[in-house]
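Below: the structure, in structure tokens.
The chains carry the letters A, B, C and D, assigned in the order they are written, with residues numbered from 1 in each.
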Amino acid sequence: MDDRRLVAPRGLTRRSLLKRGAGLGAGALALGAMPPFLAACGSSTPSGPKELKVLTNQPPDPAPPGVADYSEEAFATWQTDNAARVSYESIPYTQIHDKLATAFASGNPPWDIVYMSGWVPEFSKNLATIGDMISAELKSDLPPSSFKTVTWDGKIQGVVFTLSLMTLFYNTEHFEQAGLSEPPKTWDDLLRYTKELTRDGRYGWVNNYGAPEGIGGTANLWMSYLQQAGGTMYDEGGLPIFNDAAGVDAAQFMIDLWDAGTEPGSISYVGIADTTNVFTAGKASMMMNWPFMWKPANDPAASAIAGKIGAAVLPAGAAGTASIDGTDAFTVTTASKSPELATKLIEFYLAPEVQKRQVLDTGWLPIRLSTLEDAEVQAAATNAPIVLEQAKSPYDSFVTPDYIEVTQAIGTELQRCIRKEKSAQQAIKDASDQVASIVTSR
Amino acid sequence: MADVELRAITKRYGAVEACADVNLHVADGEFVTLLGPSGCGKTTTLNIIAGLDEPTSGEVLMGGKVVNDLTPYERDVAMVFQNYALYPHMSVADNIGFTLRLRKRPRDEIRRRVQTVAEMLELAHVLERLPRELSGGQQQRVALGRAVIREPAVFLFDEPFSNLDAALRVKMRVEVKELHQRLGITSLFVTHDQEEALSLSDRIAIMRDGHVEQVGTPDDVYAQPRTRYVARFIGSPQMDIFTGRLERRDGITAYVVGSAAFEIPGEAAPTCDGELDMGVRAEHVRLNAGGIPMPVRVVQPLGSMTYVTIGWDEELLTSRLLGMAHFSPGEAVTVSLDPAGLLFFDRESGRRVLPDGALA
Amino acid sequence: MSRRGRARTRRIGIGLGLALFVAWTLAPIVWALISSFLPLRALTSTPPDLAPGNFTLENYLGVLSADRDLIGGLRNSAIVASFTAVLALLIGSSAAYALARLRVPGGGKILMLILVTQMFPAMVIIIPLFIVLSRTGLTDSQVGLMIVYLSFVLPIVIWVLKGFFEAVPRELERAAAVDGASTMQVFRLVVLPISLPPLFATGVFAFIEAWNEFFFAVILTQSSAKTAPVVVAEFSGQYVSLYGQMVAAAAIASIPVIVLAIVFRRYILEGFVEGAVKG
Amino acid sequence: MTIDPGAVARPTGRSYLARRRRTGTLLVLPALAVLALILALPIAASLALSLMDADTADFRFGVFVGLDNYRTLFADPVFALALRNSIYWMVVEVAVVVVVALWFALLLNHPMGRWSVFRIILLVPWALAPVANAVLWKWIYNSSYGILNFLGTATGVLPDPVVWLGDPGLALNALLVAEIWKEIPFITLLLLAGLQNVPRILYRASRLDGAGPWQTFRFVTLPQLRTTILICIVLQSIWALKSFDLVYVLTRGGPANATTMLNFLAYRVSFQFGNLGLGAAVADILFFVMFLLALAYVRVFRPARAAERGVA
């Protein structure tokens, strides 16, 4: 199979533009006459192929074929082979959680498959247990740790489809200018580097502390330091135990990093996207980010630092390196009328060939170990070995049903101590108290 | 064609009584005016007759039938409003023909009848215009036309001329009167202008605070007002009414106002004595025909007549003389009153005191 | 200072005030427009690289060709907003007229009720609404959105039109009644035709409100009925923010309503705005 | 009507006014039905919800817990902060919007400001979609390449770039500026309409009486605008409490809850924490405050109406 044909970019042609332009004109003309019911009806005939509805991210966030541009031919074939018709609702990551919450609350979610990022425990009641349905072959080719965030109450309710851990990214040009030849290996290195790189109107470090909650939020970022410091979130009974030396050290490290030269806007960035822009504009020398950044940061059209990016495992704390899990997974809803078929579709998303195209065409790493080790993949995604290396150390995001509430509480306290409104000890103690009350009230 | 009768019509808005026990009968073909100052309840009464408002109690009869529960249209009334109430988005022709259109008359019948009415009212050349492109008089005639085309049983006019200037008002008065004479339709006309009422009506109902003070022909209400209120309301200039005393001394009867005592022939004075108000219209005040000498205060020449105001103490008295009379302020004249024109009123009730001493 | 001098100082003061007014009101818009013509790299350099050579249509082309269906969003917005406006006018004008003039029993209470419903934060009605809509299969449909939009457009339309109908001379209705028009005919043949400007103004207002609405649209649409603001918001993802495209999309989504507002400004200024003041 | 029934020619209820009332009821019904269906029912549901322990994971109108949710809220420091933020937001927004809008309206009412382009300019921020507005300001406020910091540092007004959305004190005010910018135009239009209703003759009279511009404003314009200004204040207060999009796009309530207001808190608790009962309680409290403001709006109108009727 000629892979390149599968990748044919859905780019801009003059014709497609003209067509769309004409559509706009016609739409404007037909405005008064157009029956509004067209959208309501349409796609609800039960006869013919089985229909699967999928709620997923919009590219460039991780998304399956048919939404993102890869493996489209294989996807079409799969639909024919399985007498299925897959329709997508792809929305921005920031809107997915709320949409799921409303839909599940109404008791009538319209989808068979939904994308999940750390919300499996929260929505556990609404998700089918698919652990027994997926093939043993697939299970054995996935890192066991990848099931951690999609398992609740011992039931496997989803499959992670991209290895998404935070690693360190750095600007090799800045490093050269500062006479640094190697990425920082420890917290002390990181603090020292940050200080040295903070000059000429740029900063050594940048992070997004603006939004406290959720995956990738302030609290989640702190969890990487927590694990690096040797701490953890909960005991076996689910009660918080992070109010210890490790927890305080992790918070203190964030403060120290701030003082050493964190880009001041960091406190206001509500998503990793804002942070990425600072890094790719060359205004900060280091950041931690999801593996995805490798591709856009090396794209000269959007990035000022293309070709000047290094990646490394996160600097080690007292207990070594550790990271956090982006937990991009697919799950099947209990509302699905054909959970088997839905599971099969998920398996297709994780088929080796699809996984390979996923990384080559979109930059999102595969989750299959065999694909990660593929030579072509390692050559194209040069940061893949780094991520794999990182994956050998802990990378828990500690998701629970109250994840957003918990991280909102911790993240807000962290924001306070970063802004020097209280000490790291105090912030962690207050956060722990709040989390304890959240956890016990459930 | 129908007569209109109001039986004990009362209308209350909360605590305010707009109509209080109004009784009135308008004969078939008669032209009756409801006259009174603003707020006297005349427009409310008219709206109740039209069916645009509901009485709190009482009955409206037309042609002998109670019509309280009929809509204006079912009552077969046509109405002309103070501000014309022309439909601003319709041409003159459509305005006039609107009622026929609602009645689903054939198109050409509507056109024909509109044409006839328009010619009658000299509107034929403006049929395609919008109301706002017309002069005030033309707008008023369109409003009339809209009423006329109906050939209704009863015409109702709600101060139709009050937005017109004085000259136009007089002209329209003639047109309305002519129209009534030609069509002979029972008409009720509301106005606060006594001159309009006098000139148009077969009979006038003078209203005050929601009740009818007097109903009568123009002659009646002018010459034989039942009350001081009616006497003052009718006539121009306004009747002078004095708060004096009727005295009889040595066989001579005199009305004393301050330092002045007007001698009155015995038969002209009521038989009772004492504290009575006396009214006299300007045409009954004679100058320089003997009487009491007094100074002229103000002279108002009006062309066909002249008002001369005489004063003493704090009192003023106006005389109407025909033609241009030449007086100057301060000039001394003698003043006497025409005994035939004197009216006396009970001070308490305001009712007129008849020559035999009884109250009117 | 002489009187003339004072007058001149005053004129200069007012001129300066007006200049400040224009600058304050337009500056953010102008900067947004400039940004929309610059590539991300030019925008993120310090100072912003405004070299003429940098100006490009690539954001606009990118927006129009992106997977996010902005044109579909615009079409949905247009359909939803126009039908919402028309529905609101149909239902709202008759209710407003009744409440203004027809002495509906309990009218005062109804008006209060309408006003109160308008005060409710959208946040809370969304869940029950979503339940009802999804049970009836109306999520992700233009019809569903129209119905929901009626909930916040209708009260405004009723409230504003009521003010207008109260200003219609009573005599016109009475004349029509005397001419033989039923109450419905009075409304249809007399009151409505002479109220076209306020109807238009309220319609435009309703259109703009419905076009711009975001919160309900995000929750209640999935793919086929997405409106323009939802698509605009989609240009900021988790991992990338394409500022240039975002602003370009915002510009494209805003231009129709801004043009509409400007074209019908006479109605909005004379009709709607004054109506709101007069109540 | 208290008419002797025997005297009535036809059954009652057929008169003009009775028919109007009946038609009126028919005309109101569709609107009432629509509002009952899409507003009253959901509102009732949400009031009920605020007395329940219900979450998004399984929405079955959970357990009745009485006023527990309200008790939880009143003990919650975040709720107290959100309430404070909301009040601050409303007061400052209303004050600044009304004062600046009044100033603009006076400028535009001056003969020099009558150029229609000025009014067209006003319509631009007004018609701009709130989401577009949020995107716009997010871009302006960006601390490392936002235009605001660039201009500030280039002109020397700011010694260093400011993290507009990162400082709790600044962030709320930064959002306020964005909100105020968008809200001023409509209030300006309202006040302008009010100004144009002031009879010209009053200005001439006051000039003849020797009043200066300030005195004319103080003793003629302001008293004449009283009702309009009151309406603006009440309307703007309601709108201020409803604002959501800016917080949602720019700060998501942060940093350290500095921009968390009741409306956003209701959203966060309902949809992010999944606690529908508690979220409904927050929204219902907000509703109660807005309801009081709505009553004020009605009060403001009542005297004007009565006067109108008196004339008619």
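Everything below uses one rule, namely that a contact is a pair of C-beta atoms (placed from the backbone, for glycine too) under 8 Å apart; a residue touches a chain by one contact, two chains touch by 3 or more.
This one's a predicted model, so the numbers in the text were calculated from it and none came from an experiment.
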Chains in simultaneous contact with subunit C and subunit D: A, B
From subunit A, the most remote chain by mean C-alpha position: B
Centre distance in Å when subunit A and subunit B are each reduced to the mean of their C-alpha atoms: 90
Separation of mean Cα positions, subunit D and subunit B [Å, integer]: 54
Inter-centroid spacing, subunit D versus subunit A (mean Cα positions, whole Å): 37
For subunit D, residues that touch 2 or more chains besides their own: 16-17, 19, 59, 144-145, 270, 276
Residues of subunit C touching at least two other chains: 44-46, 127, 131, 177, 233, 236, 243
Overlap residues in subunit B, where contacts from two or more other chains coincide: 52, 71-72
Interchain contacts, given as pairs of chains that touch: A-C, A-D, B-C, B-D, C-D
In the complex, subunit C residues that touch subunit D: 10-11, 14-15, 17-18, 21-22, 24-26, 28-29, 31-32, 35, 43-48, 91-92, 94-95, 97-99, 101-105, 107, 110, 112-125, 127-129, 131-132, 147-148, 150-151, 154-155, 158, 166, 170, 177, 182-184, 187, 208, 211-212, 214-215, 228-229, 232-233, 236, 243, 246-247, 250-251, 253-254, 257-258, 260-262, 265, 268-269, 273-274, 276-279
Complex contact set, residues of subunit D against subunit A: 55-60, 141-145, 161, 163-168, 171, 250-252, 254-257, 268, 270-276
Parts of subunit C lying in touch with subunit B, wherever the complex brings them together: 169, 171-172, 174-181, 185, 189-190, 193-194
Interfacial residue positions of subunit A with respect to subunit D in the complex: 97-98, 101-102, 104-107, 122-126, 209-214, 263-268, 270, 274, 277-278, 281, 283, 401-402, 404-405, 408, 412, 415-416, 419, 421
Of subunit D, residues touching subunit B in the complex: 1-3, 7-19
